[in-house]
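Labels run A, B and C following the written order; every chain starts at residue 1.
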Amino acid sequence: MLKRILALLAAGAVTLGLSACGSADPVGSSSTQTPGTTGSLVIGSQQYYSNEIIAELYAQALEADGYQVTREYQIGQREVYLPEMAAGRIDLLPEYNGNLLQFYDKQTTARTPAEVTAALADVLPAGLRPLDMAEATDQDSYTVTRATADEYGLVEIGDLANLPQPVKIGANSEFATRPYGIPGLRDVYGVEGVVFPIEDSGSALTVKALVDGDVQVADIYTASPAIEINNLVSLADPKALILPQNIVPIVSDAVDAQAADVINAVTAELGMADLIAMNTRSVNEQLSSSQIATDWLRAKGLL
Amino acid sequence: MNYLTEALAWIADPANQSGPNGILARLAEHLLYTLIATGGAALLAIPIGYAIGHTGRGSGLVVGATGAARALPTLGVLTLIALLAGIGIGAPLIALGVLAAPSILAGAYSGVQAVEPSTVDAARAIGMSEWQVLWRVEIPLGLPQLIGGLRSAVLQVMATATLVAYVGGGGLGRFLFLGLKTQDYPQMLAASLLVVALAVVCEGLFEVSVRVSLARKAARSRSPQLIGG
Amino acid sequence: MNWLTNNLPAIWTALMAHLALSLPPIAASFLISLPLGWAAQRYRWLRFPLVTGLSLIYAIPSLPLLIVLPLILGTTVRSPVNVVVALTFYGIALMVRSVADALDAVPRDAVTSATAMGYSPLRQFFAVELPLAGPGLLAGLRVVAVSTMALVTVSAVLGVHSLGALFTDGFQRGIIAEVVTGIVGTVALALLVDRALVAIGWVSMPWLRVRSAQSETGGSA
């Protein structure tokens, strides 16, 4: 009985869903589209505004070179888009080398950007490869307010031992188990920490919690405009606890040598200051990703 | 479903059950959030629902307001309040209260409003004051609808209370998000199962109270066909 | 308000995607709930499992459901089909009770007369019970429609495009105008669909017009 109901339900819903999407979706960007033929690429982005801007850089550069581009931005997290990339439904997506490596290899011992990128080529599914990595990195950081840094004389992560233990850290919940999080903090620097989970990946709410004093330390990405705006201090990591997160475009076999050249040309210009400046425009001037991308590519002479 | 057995094993593991981050503590938090949010919404919505149902004035307002409130996306309300108010359970509790209010308001209102006019007139005819009409006739007779409203409110809030963990709170959502973010799907599924189990228990309690209130209503009202009306 | 003027095309796209994602589950849950609600009302022993049992679907948190469903359906997480099926489940959870209650409210006299006149059960349902249950069904459908329009936004967390994307993006960038636009857009769209349903009810149930006209003139001030 239940099985029949379920089957009926699924069938009905599927039919309706398909018919509605066929007629009512004006942009035609439904994911049921088949991947493009030669000269046509599907570009995706993470659900992260900064990542969307980078994806848009590649999209516009490729379009300028005559490629046809389909944009599939703001796709959830790795567990959502990586299977789709492996299945050939997305041809290009800007990634972060450290976290991507850790997604496939939780026990990785690679620490420097070069080591990480080298290891990456081995763990990616067949049909996917990394292109050149950028100088720009967007990595986790132990960040405190200027006032806290001055009061306790904080310069590097190990100095957190000066604070009352355990230190209260605002971060995503996974920070409690990741090697660069609580376990690594204890093993590498001898500091006891406890996570106050805020699931916004170090964005507005985490920053607010830090500035309001609800937490003493926050995990904020180094390319976040909030660091400069709020005069925050990211603590140095001399013992390389945190994996580097250089931007590295992951591409499918549909990306030929010519397209790879276009992509690498963009990546080569993408420095740390560039990334922070573009993120700041997104947050402060509230511009669309396409506007920010066009301005930057023009300024670099890539358009 | 391999995940399912793993999820059950995760729940059964004593290491996951006790302590400040254990299942029992999270379950209690979850229940507490649900109680506070639904209770707060009820304190506000029930008097308004009764007032409108009794006087008959502003019934268009109820329909409009409950409709609009139902359309409010909880995720959006939560993010908005959180951006304005910062972390802590304040923002999620308000968002959950907003989620609970329409069902309760509609339940209180429709319960009073659905009482047969002849019954109300009869109560007035035997000399009851308006307060007595409300207290002794309309509220008891409208109890099944109110409980129905509370019931759907509790169910909705309980399922949505997982979002409290999204902005720094506790509850069963903590397991859900940790499982989601670390690709620990058994843990994520276990969290969902716990939420559903909690809801089943609450539904059971509500079913009992509905039957009791229906029986009372049948005893009070002299016309038996009122049942289920 | 910078954000609003800078992103008008994106808002329009999100609105349309939102509609395309929410209308199919509203229709599907209504159609599927009709026979289920009828069975629950007709056979007393089915009422508890169908009405209470199905309403428990509402207790399933939407996020894990959207992740688990593809494993069962064989679709990808971002497939609209996945979202449509999940939302249909939630719609049924609300609607079956409404259908059963609406059929309950049909005067027994009318049903008995129809039986006495020799109506077949099927004809009796479509010619007598369904029209008389119309107002209750419409009320239930309006609740389902509005809730579904609001619930669609959750799928944004998984990268399915709707007005919900404005929440996740606005949350990260700390742009309040973006989040507010998402909320206002969702509510406005839901109320628009609600009005449309009322209009459909108005056209398809002409006898209601007479009754509401009467109650308006007869109502006390």
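Quick notes
We adopt the following convention: contacts are C-beta pairs under 8 Å (C-beta built on N, C-alpha and C of every residue); 3 or more make two chains touch, one makes a residue touch a chain.
Worth saying up front: this structure is predicted, and the values here are computed from it rather than measured.
Comparing mean CA positions across the assembly, the chain most remote from subunit C is A. Of the two chain pairs examined here, A-B and A-C, the one linked by more C-beta pairs in contact is A-C.
If each chain is reduced to the centroid of its CA atoms, subunit B and subunit C end up 19 Å from each other. Separating the CA-averaged centres of subunit A and subunit C is a span of 36 Å. Of all residues in subunit C, those touching 2 or more other chains are 156-157, 168, 171, 174, listed in ascending order.
Contact with two or more other chains is made by residues 200, 204-205 of subunit A. Multi-chain contact residues, meaning those touching two or more other chains, occur in subunit B at positions 82-83, 180.
Taken in their complex, subunit A has these residues touching subunit C: 5, 8-10, 12-14, 16-21, 24-27, 29-32, 47-49, 74-76, 80-81, 83-84, 87, 89, 200-201, 203-205, 207, 226, 282-283, 285-288, 291. The touching residues of subunit B, counted against subunit C in their complex, run 3, 56, 67-68, 70-77, 79-80, 82-84, 152, 155-156, 158-160, 162, 173, 176, 180, 185, 188-189, 191-192, 195-196, 198-200, 203, 207, 225, 228-229.
Taken in their complex, subunit A has these residues touching subunit B: 77, 79, 170, 172-174, 176-178, 196-200, 204-205, 208-209, 212, 214.
Those residues of subunit C that touch subunit A in the complex are listed here as 2-3, 6-7, 10, 13, 16-17, 19-20, 23-25, 27-28, 31-32, 36, 73, 76-81, 84-85, 88-89, 92, 156-159, 161, 165, 168-169, 171-175, 177-178. Across the complex, subunit C meets subunit B through its residues 48, 52, 55-56, 58-65, 67-68, 71, 94, 104-105, 108, 142-143, 146-147, 149-151, 153-154, 156-157, 163-164, 166-168, 170-171, 174, 176, 179-180, 182-183, 186-187, 190-191, 194, 219-220.
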